[in-house]
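You will see two complexes here that share chain A, one where it goes with chain B and one where it goes with chain C.
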Partner chain A sequence: MNLDQALQTFITESRELLADMEHALLNIDLSQDWGDQGEAINAIFRAAHTIKGSAGLFSLDHMVAFTHVVESLLDAVRDGRAVIDDDMVALLLACCDHLSSMTDGLAAGQYEADPDTVPEGERLLQQLRRRMGAGDEPAQSLAEQPLTVRPEPDVERMGQAAGNGDSDYWHISLRFGRSVLQNGMDPIAFLRYLARLGRIAGMATVADALPAADEMDAELCYLGFEIAFESTADRAAILGVFEFVQDDCEIRLVAPRGKVSEYVELIRALPENPIRLGEMLVQCGSVTAAELAAALAQQSQQSQHPEVQGEAGAQPAQEAPQRLGSILVAAGQVAPVVVEAALTRQKQAVEQKAQENRSIRVDSDKLDRLIDLVGELIIAGARTSVIGQRLHNAELLEATSTVSNLVEQVRDAALELRMVKIGATFNRFQRVVHDVARELGKDIGLAVDGEDAELDKTVVEKIGDPLLHLVRNAMDHGIEPAAVRVAAGKPARGMITLNAFHESGSIVIEVSDDGGGLRKEKILAKAVERGLVDPERKLTDAEIYNLIFEAGFSTAETITNLSGRGVGMDVVKRNITALRGSVDVRSVEGQGATVTVRLPLTLAIIDGFLVQVGSSVFVIPLDTIEECIEFAAEPGQDYSNLRGQVLPFIRLRSLFHIAGAPTRRESIVVLRFGKVRAGLVVDTLLGEFQTVIKPLSPIFSEVRCISGSTILGSGDVALILDVGALLQAVDGRGAVAPAPALPALAV
Partner chain B sequence: MNLAITKHGAAPLPTQYLTFLLGEERFAVGILHVKEIIEYAGTATVPMMPDCVRGVINLRGAVVPVIDLSARFGRGVAAIGKRTSIIIAEIEDGEGKQVLGMMVDAVNAVVEIEPPDIEAAPPFGAHIRADFIAGIAKCQGRFVILLALERVLSTGEVVELSRHAVPLATASSRASP
Partner chain C sequence: MSDIGHLAWDGEINIYRAADLKLEVLQALRAAPVLEIDLAGVTELDTAGLQVLMLAKRTATIEQRELRLRNHSPAVVDVVEMLNLGAFFGDAVLIHS
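And now, the complex of A and B:
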């Protein structure tokens, strides 16, 4: 196994686990009691624990040491010794960040603690210890208390008559799987690691499974161990040591002062000869010789009357004996109801995990290459069908149509590979909202909707920053302080809502707040003051609201370190425009504001419609086309009568200065982009065409109305029209909005 | 005509140059800039671009802009002749490598020019902008203008030109702040 590769896996996994941990931390509902927080706390604990375990495998001592303390605190929370509250969530989030920075350091080749972050780590550790101290018991004093101090639930115990054993040690019975060594695990390493949790008081090696020398396979592990272990760690912590081998190992634990019956169970469950095992238990110090004698006697008695055991054991004995839950119940540590709940949750967690694990990681470069090739395939396929049409060969045409059908499916499948759900991006904002709300001293929640809406990975990567800014802006300027909100009759807790949905070939992302909304007069006054608009001009509400996206515009009275420096909203708009998207804001004063970001689903291939003007061929994205009609205009006007509605149109020929006279039978392509509808006058309609977008050279960066180019089946180049920019360019000339503006906050 | 000249064929110093004709005048560009030479077979016009941008062509699946060198030198849009060719050039600018086509009237030959034979550009006298000239070389008894391709094909400058080129014909006079 390549250690570097393993380390990379560890880094990737750690990042994911930290993200999970953060997610769980942010989702803890502090108002709930432990029972309902349990799942989240367990998730956090599992993440911390796995990181610690894996870090241990790589001898990353600084990470292990730090995570250990985090884990201890979490453990205290799980046991109810410490109470999780807002401050603790903040502290644990800081710990997450610290671990992230350690992971980043690791990725950069830093295997030791980074001196720069050590003080931060120390500070966090101190806080963590203080929090643990704030629980009812400091960690150290726990050691002095016998672990059986936990409340004993009302479960009748097996073998009650035999009484408790005297041993203060945990007993661990280990049987390593045959393939442990082949899997790259060293049994000794686990024992060494175990020793970190406490002291190994005695150990007996079980070599009974070892075959004769000539039959032995040196690559297989035949060993088992019986260990008496002195530790204050709990069952989960000890089992956690063996987490990486638990799948192919048999591990049995008997708690300190365990019932003799547990040893009996143990002996019965193990494959070796009971007498021999008993000797071993005595040998490693877990059991005294006298107890052993009693236990063996009891065992023989039980094996004669198995049904007696069933009755005496009450309901737990009816469950499968191997299940951890039933063993725990039998050991009298947990109430049966709790176990049942935990089992259900465990099952759910496993199912969820299984679903996640059905995915594979692929280098995004490989995907890009696949998309490129599919793009070339489409061009080649289109070319073939053009030739087929020219030859009038029916058989060839049939074959090419089958091929292009398949290619179309390959294209869709390939594009789908790059599609990711926006949910992950949205969920990252839980943390942002949490942190920023704390910083601002406001109570703000985040509601997320439409997480399943999918869009191209490249778009997702680029949308994060603009969204971040919009969210921060809404929190800082949108949501009012709690007192103002209450006075206005709104709930004290402000809400930011992120929503995503698909609409006519675009994805629409909405960032809404239920704050004070935009104040028209103030924006207008500011814009006039800054010289952004002419005071004489009459602006519509929408135009006024959209002034906030102009460069150098900011209405915040106080400049905070979050926003309000007057940079940002214009940058947001620029970034979104660069993605061929658009941004719009609407607001109802006193009720909040909604910023709507509209983005293309993918940047690679679109369904296009070919039109010709003069000798130039243009591609119009099919999803912006409503219909095509024969050219007709009201006399002397640039609008047409579309079934009783006024349809303003643009003459592409004059817009683009294309030489030559129009053909006698022009057509109008009816376009719709967002809320705007308009016609486009072209010479000829050429039909649908799968369009592979080829980026245009940076030379054309100033060309509006053209979003890219493509290569036609004939090998000629056609330009793709940017319908949004096109309609915007003529907006002032009266392209109509068919529907009235939607009411704000219609999410 | 596709006499593809690859970089691999280029000898070290003395440097090789590709000479070509623009009207009657001879120009040369460093061979290392030249990826290939193709016959002119029409371009797709990009609207709202200055005259010097002739359009785009399909170069084996890549869309490559073509600069009309004659228009770039302010001599009016080139007429298409029998020997009109496009030199596909690769230049390095601030934004990385760019591949552009240069439309010329005819491609001549690859010549070797010794560094001592190259003189600096005269401060005046040449009928193209001084910063387009990398030097003037003597070659077979005649002068050849060596072009500074980075300047001639400067992306930034063309973008600047296109910004002031033809405005959208029907664009409204809507006040854009």
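And now, the complex of A and C:
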């Protein structure tokens, strides 16, 4: 792996870590439960620390210097010298952003501090230092801070503790690795953190490894510590203190009254691959080879010692009764705590391995190329079957049908690779809502549902901005100020809800708020004022609501810096339409509004249905088709009777002005998009077809009702119908008597 | 010319400065039989910084010189006390209340 690749990995990882950090920060803010903070703070610390460490590897000094201060503050939070509060969360979020911009700069080839962002960095650093300065008295702030559930003894000074000669202490022996400082860890910080778990009853600093003055490298660590530690914390909690440094530190832990220190130390030092417990114990010296042999012999005889000795008996061998370890425990040769540690270690190694193997990073360009190739494969396959049909060769036809079946599966598998869950996108909005709510001075929460719904990566990337705007808009215009809410009998805290689900080949994303809802009269008045609609026209509620997506429309009385500039909703609509999607809004006045965005699951390949009108072939996305029926119309009307229901239809021939007379047996394809159902009159049904979507050239971008093109097996080009746009035309016409409805509004 | 060398350290005594401080303190130590370091302005002392002080102390002992640490700031006292290094340095430490 060359350095460039490593740097790319670093950038990717940093972004992920920053996302984690942000998530954890927001979660702290959300959970009112102080007890949960420990884990979240650790997660934040871990992210900052890892970024600092990796940045150091690449000599990115500006990043190291910045994260160092962030980390110091987090360290102070961890050992109770500073208390995290709302302002600190906001500060740390700002630091997250600053780091993100550094990472972005890095991705753009900026290896030094960007002069533009330096003042911002300095400002943040000052604030960070100020927060740290606030907690200079460790013992005092420890006593005050409400972070932990367990009542915590104050840190006592060594001198005061010396008189206590009782032996009921944990003994902790630490030998820090040489590189621990270079990795950005400060052993002293860990000791401070340790002191939060109990009382350091005795401490000896071991500096024997410190070399002669000239050989000493000031950036290496030579120290070790022997600590007598009084605490009710368990082994895991004590080891947890050193979690971040465990690779860089030999930790030996002896339980009160125990003599198993050497065992644990060596288990810690074990290689990553899981080794059988017995071998481990022999290797770590807690059991000699002779003892192991004896134990093995015992195991083969199936006779366990009936009596157990001492505390070893307290641990029933439930982990794996047949395992050697349990026999050794039963025989009293190993204290259970050691076996437990070994088993945990084994388990961790296996789990870690499984985790590593479960996913791989693949360049998205490679995936795109794969999808392209699959697309070409489908076209080539279609060509082959056309030839087979022409030759009337049964064997060839059979072979091509098998091939196309396989190609279809390959296509689905390939597309699946690009599917990502929408949850990550949704979670980004936690931050947006947090920040915007602060800015607006409103109390607003975000509820997220359907995070597991999957859609194509390219769609996910493009939907972020429109969604962002919708969320901001809902917060700014939708949610009322707290006083108004309370007066209306609603909870003071407003809620924005993001929801996603799949529906007939589309993904539906809903952005809802429980605010004041849209005001019909106001929208209509504004639309008339702006000349968007004719005052004489009667519009349905839905049509009025959807006016907000028209260009140049804004009802906000005051312009805030979030939205209300009069651009936005129309841009949202345009962006979503560009993704072959649609957007719709419904609202109940006084109760809130819901914007529904409907998007195709994928932008690359779809299952299509071929129809023919005259000599032109069209593709209809199969997911939107409900059924195909024989053409029958009420005389002189543009609707049909479908099992007692009115089915409006469109004649494709007249829509696209295709010359020629209709065939004798026309058909109606019944389409459904969202809640709208309509028929499409065509000459001939040609059957299903795997459709590789080829974008139309930009000069066709104004063409309505066509979303793309594809290449048929014969080499001909077929146009893909935009069902959403088609049905919208029907919908408008069905509701209002004179012909062009919504399209006229846009002019 | 006095027999006592003087150094005054302030700010963050940490890994970023440790290498420089090591050179500085060793040079100063060898320039005079007695070296006094004023630590009043130290706001942060990390393991790397502490090691430099320990190295200086031990080097002084080996070479039969004297190192005195003066005016320990709270940040220094905190570390020295926690790690029980008071005896190692052997300086009178002002206890900050």
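Just so we're on the same page, the second predicted complex is superposed on the first by the 493 of 747 C-alpha atoms of A that agree within 3 Å, B and C clash if a C-alpha of one lies under 4 Å from a C-alpha of the other, contacts with A are read in each partner's own complex, and residues count from 1 in each chain.
The rule is simple: a contact is a pair of C-beta atoms (placed from the backbone, for glycine too) under 8 Å apart; a residue touches a chain by one contact, two chains touch by 3 or more.
The structure presented is a predicted model; accordingly, all values stated were derived computationally and were not measured.
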Touching partner for A:Leu181 - first (chain B), second (chain C), both, neither: second
Partner chain in contact with A:Ile650 - chain B first, chain C second, else both or neither: first
Contacts of A:Leu191 with chain B and chain C, given as first, second, both or neither: second
First, second, both or neither for A:Ile200, with chain B first and chain C second: second
Contacts of A:Ala633 with chain B and chain C, given as first, second, both or neither: neither
When both partners are placed on the shared chain, which of chain B and chain C touches more of chain A: B
Touching partner for A:Tyr222 - first (chain B), second (chain C), both, neither: second
Touched partner set for A:Glu550, first chain B, second chain C, both or neither: first
Partner chain in contact with A:Leu210 - chain B first, chain C second, else both or neither: second
Partner chain(s) touched by A:Leu696 [first = chain B, second = chain C, both, neither]: first
Chain A residues touching chain C - in the complex, by the definition given at the top: 65, 68, 72, 136, 138, 157-159, 176, 181-182, 186-189, 191-192, 195, 200, 202-205, 207, 210, 212-213, 216-219, 221-223, 225
Chain A contact footprint on chain B (complex, rising order): 43-49, 53, 55-58, 61-65, 95, 98-100, 155, 158-159, 162-163, 166, 168-175, 177
Interface residues, chain C side, partner chain A - complex: 14-16, 18-19, 21-22, 26, 44-48, 50-52, 54-55, 58-59, 74, 78-79, 81-86, 88
Complex contacts: residues of chain A adjacent to chain B: 376, 379, 527, 531-534, 537, 547, 550, 615-617, 650-651, 654-658, 694-706, 709, 711, 715-719, 729-733
